[in-house]
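To keep things simple, chains are lettered A, B and C as they appear, and every chain counts its residues starting from 1.
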């Protein structure tokens, strides 16, 4: 392999999940009719002035806290000046000098393989208008103009495409769980720019920036392709230029967009229309207190409740289910059963019907009823399937549904004993095997009982009775 | 020190400002901009000053706005002021895509 | 022809209450006067149809405040819904705003009647109103002279008694300097007193809207009407309601006034300096303590102003690109053309110069060398004023270094506009309130103005001093250029 070491830094832009825009009170909504979510400010009408959205600042603060940042309690905004039709004021309001958060980190990998990716800063800014292009003209929709963004800038701490992808997955998960953003890369609510350089020494090489990569997977591909391209150039004795490239999905390569202009062309200066924004200690504390449970805390909580590693992983990938299970953290229930139920039959149902859990009637109380019925043997893992859909879609209770479906649970000991005796009689060889110490025989006989009772037997009760009857033989 | 900017310098600032200028204007601005720049250069004479910046005369911290939609306008209201529209979109010459 | 508009506001108010006159009489008189003084070129756009309609609607309404039914002129950089607002620029020559500036809403709430939009320097950049795309207004004291700027049209409208009231805006003296040149009262309130929402920005951290009137009392009344916190403007400040006329009848004895030596140095015309010394003597007779003091940085203000104002302007005017409103070059081949030529043809010379220099001052390392440093020294200016206000109630000096000079003079000197405002600019740098009141005339009978600077939010005290001086001086301030009584030397 190559002697060159890769160095990667990443800038992520994330649209915040607010009701309104950063500096105007127009709705922040995706997919509405063009130019319908605008105020005069969003078209940069002469005389209009910015206001600051509390909701956006709160979410940005939450993100900064989730990324372990130090918080700038006194902030100003800055103007980044450049001309482009999607930038109505001719400047973007951003935070260049006093970002809301600095010196944070995101931890990637597990245990001995874990690594901290340092966050240089996280700052608040505003999105540009959306443009579509035809041969001679472009067309502008200002619905997106002014939507609140946070930009999260790492230190150049990643050394491979794998690390970069791990970082992005972790970051995405954190922001999703902090309920800060949708983080939908396909809709552009999360966007990545990647800085790549290679070097054989400690001294970093000249970096190039790759913009607008549309998926985390492509970030990995883009980094590797770009590193290879740089290596080929260096091997030919060609000096790398500081430039901006874009990733082409189709060819899977990076393409030159523009060579960086020398020096700072953005004419940053402090935004005079927005005086000091002070984040009170109380506001910061409240935001901390109201922070939704983050992934690492969830993992810990689930482990404590004996949920299997594989289920924990699956839950973390499905935030609505994880949020749902969190409703029960204070309850004395069997989380193994609940997580199996949610990730098994219920997930299958939700996937099949394209529903969310909130579309069903599985309130916390009803879910507890279901769990109790399982525990008491009113229903079994088998016949729960027969009532589950109705239980999710109606408000009928377990007993009613069991009756409706004609399912009778065999809790009747006498009936069970009768069935068990019958089975013992018909399977002498298994009985013999049992007496010879083969445990498997029990399993087989239990299977026969469940088959005979069509799964209606309470397994615990049946097992106990079976053992007793076997001893009598 | 010369009393004029070079043509290139004038063209550079005109480009920063996105203002087209013709040859006659270049000559005029070589002198006029130089006069202005010499004047602002006097700030270099000030050597003794505090590092606190005054961004605005307003000392009070701002109050944030509640995250509630309002003041949204209909596109039909602004349409007449827009030089070129197509449906509900604003039209511009094609944005050279990077 | 009726002369109701020469009466005091209280007299007009009495007549309106008694139904002796109606708002329509005032409005018609105002338009008559504008028509008769057309050559003054005070207005860019008249609001005649709507003003008459508004006046008629007021006929039946209760006369609920002193400003009820009074005609007012609005500087053309303050947006008015459905009434063309040009900023005296080709860029906005056909621009019809779809909302009212917050001050305009306040004016309407008090039932004042908007007569029209006044002439000014293009985008308020200038000190003579000669950079107007609609040609310069003339000084009613002498038609050959400038009215000053940038609020030249508003000054002319009030000075020539077309309207008793006008709104101006002041970024580096643009209310006070034309007020001085035309012999009227002009107040730039403390930065943040009046909402800037709807004021087309020139330099955001300096701009402030203020009243321009025939006398001190009217000025305070109009300020009463337009101040207040505005949720649309984060730089507007929340202050308790106050009546700015409340100290006007009170004695000024015991006040302490400072006159910075720089304000009476050789940069100011001798006869103006003498006038300031005369005022100082008058004040001393009233029991006021007047001291001549050194106030550092005053001589640096113009340089700082240029950097901050041009820097901010270059950014504020970036939105004028021919895409969403305003002048748009219509034969463009590509996007660059649209920007470059719309801005080349839409902006006048002064504006282009300032945008170019401002862009340059913010580019690359210059932002640190010039802009950041200017903001640091700006903070020092504030501290220096604060020290002075720890000892003194107010600072006075002349408003201008000369009286109004001839139109066309020094047009090509890009520094002239800044140097005209050397005495008034420091006030904007600090965000302090400053006002002009007429205190006499030059040998060629042009008005001379006194500049009063107050501490933050102490406008009421300034009006107290100003009204006392007005009372002592009893100047006759109605220009009459028609009757040939005034000669140019």
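Basically, a contact is a pair of C-beta atoms (placed from the backbone, for glycine too) under 8 Å apart; a residue touches a chain by one contact, two chains touch by 3 or more.
Fair warning: this is a prediction, and the values are worked out from it, not measured in the lab.
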| item | value |
| --- | --- |
| Identity of the most central chain, Cα criterion | B |
| Most contacted chain pair (by C-beta pair count) | B-C |
| Between subunit B and subunit A, distance of the C-alpha-averaged centres to the nearest whole Å | 41 |
| Inter-centroid spacing, subunit C versus subunit B (mean Cα positions, whole Å) | 24 |
| Distance between chain centroids, defined by C-alpha means - subunit A, subunit C (Å) | 56 |
| Residue list for subunit A, restricted to those that touch at least two other chains | 40, 43, 45, 51-52, 83, 85, 140, 267, 270, 272, 274-275 |
| Residues of subunit C whose C-beta touches two or more other chains | 95, 98, 204-205, 231, 234-235, 314, 318, 321, 323-325, 335, 339, 359, 363, 375 |
| Subunit B residues counted as touching two or more neighbouring chains | 16, 18, 53, 55-56, 58, 60, 62, 65, 73, 78, 90, 92-95 |
| Subunit C-touching residues of subunit A, taken from the complex the two chains share | 40, 43-52, 79, 81, 83, 85, 88-91, 140, 263-265, 267-270, 272-275 |
| Of subunit C, residues touching subunit B in the complex | 95-96, 98, 190-192, 204-205, 231, 234-235, 237-238, 300, 302-304, 306-307, 310, 314, 318, 321-326, 328, 330, 332-335, 337-341, 343-344, 347, 352-353, 355-361, 363, 369-370, 372-380, 382-383, 412-415, 418, 430-431 |
| Residue ranges of subunit B touching subunit C (in the complex, touch as defined) | 12-14, 16-21, 29, 32-33, 35-37, 39-40, 42-44, 46, 49-58, 60, 62-63, 65, 73, 77-78, 80-84, 90, 92-96 |
| Of subunit C, residues touching subunit A in the complex | 78-79, 85, 87, 92, 95, 97-99, 101, 196-201, 203-205, 231-235, 311-312, 314-315, 317-319, 321, 323-325, 335, 339, 359, 362-365, 367, 371, 375 |
| Residue numbers on subunit B that touch subunit A, as the complex places them | 16, 18, 53, 55-56, 58-62, 64-75, 78, 86-95, 97-98 |
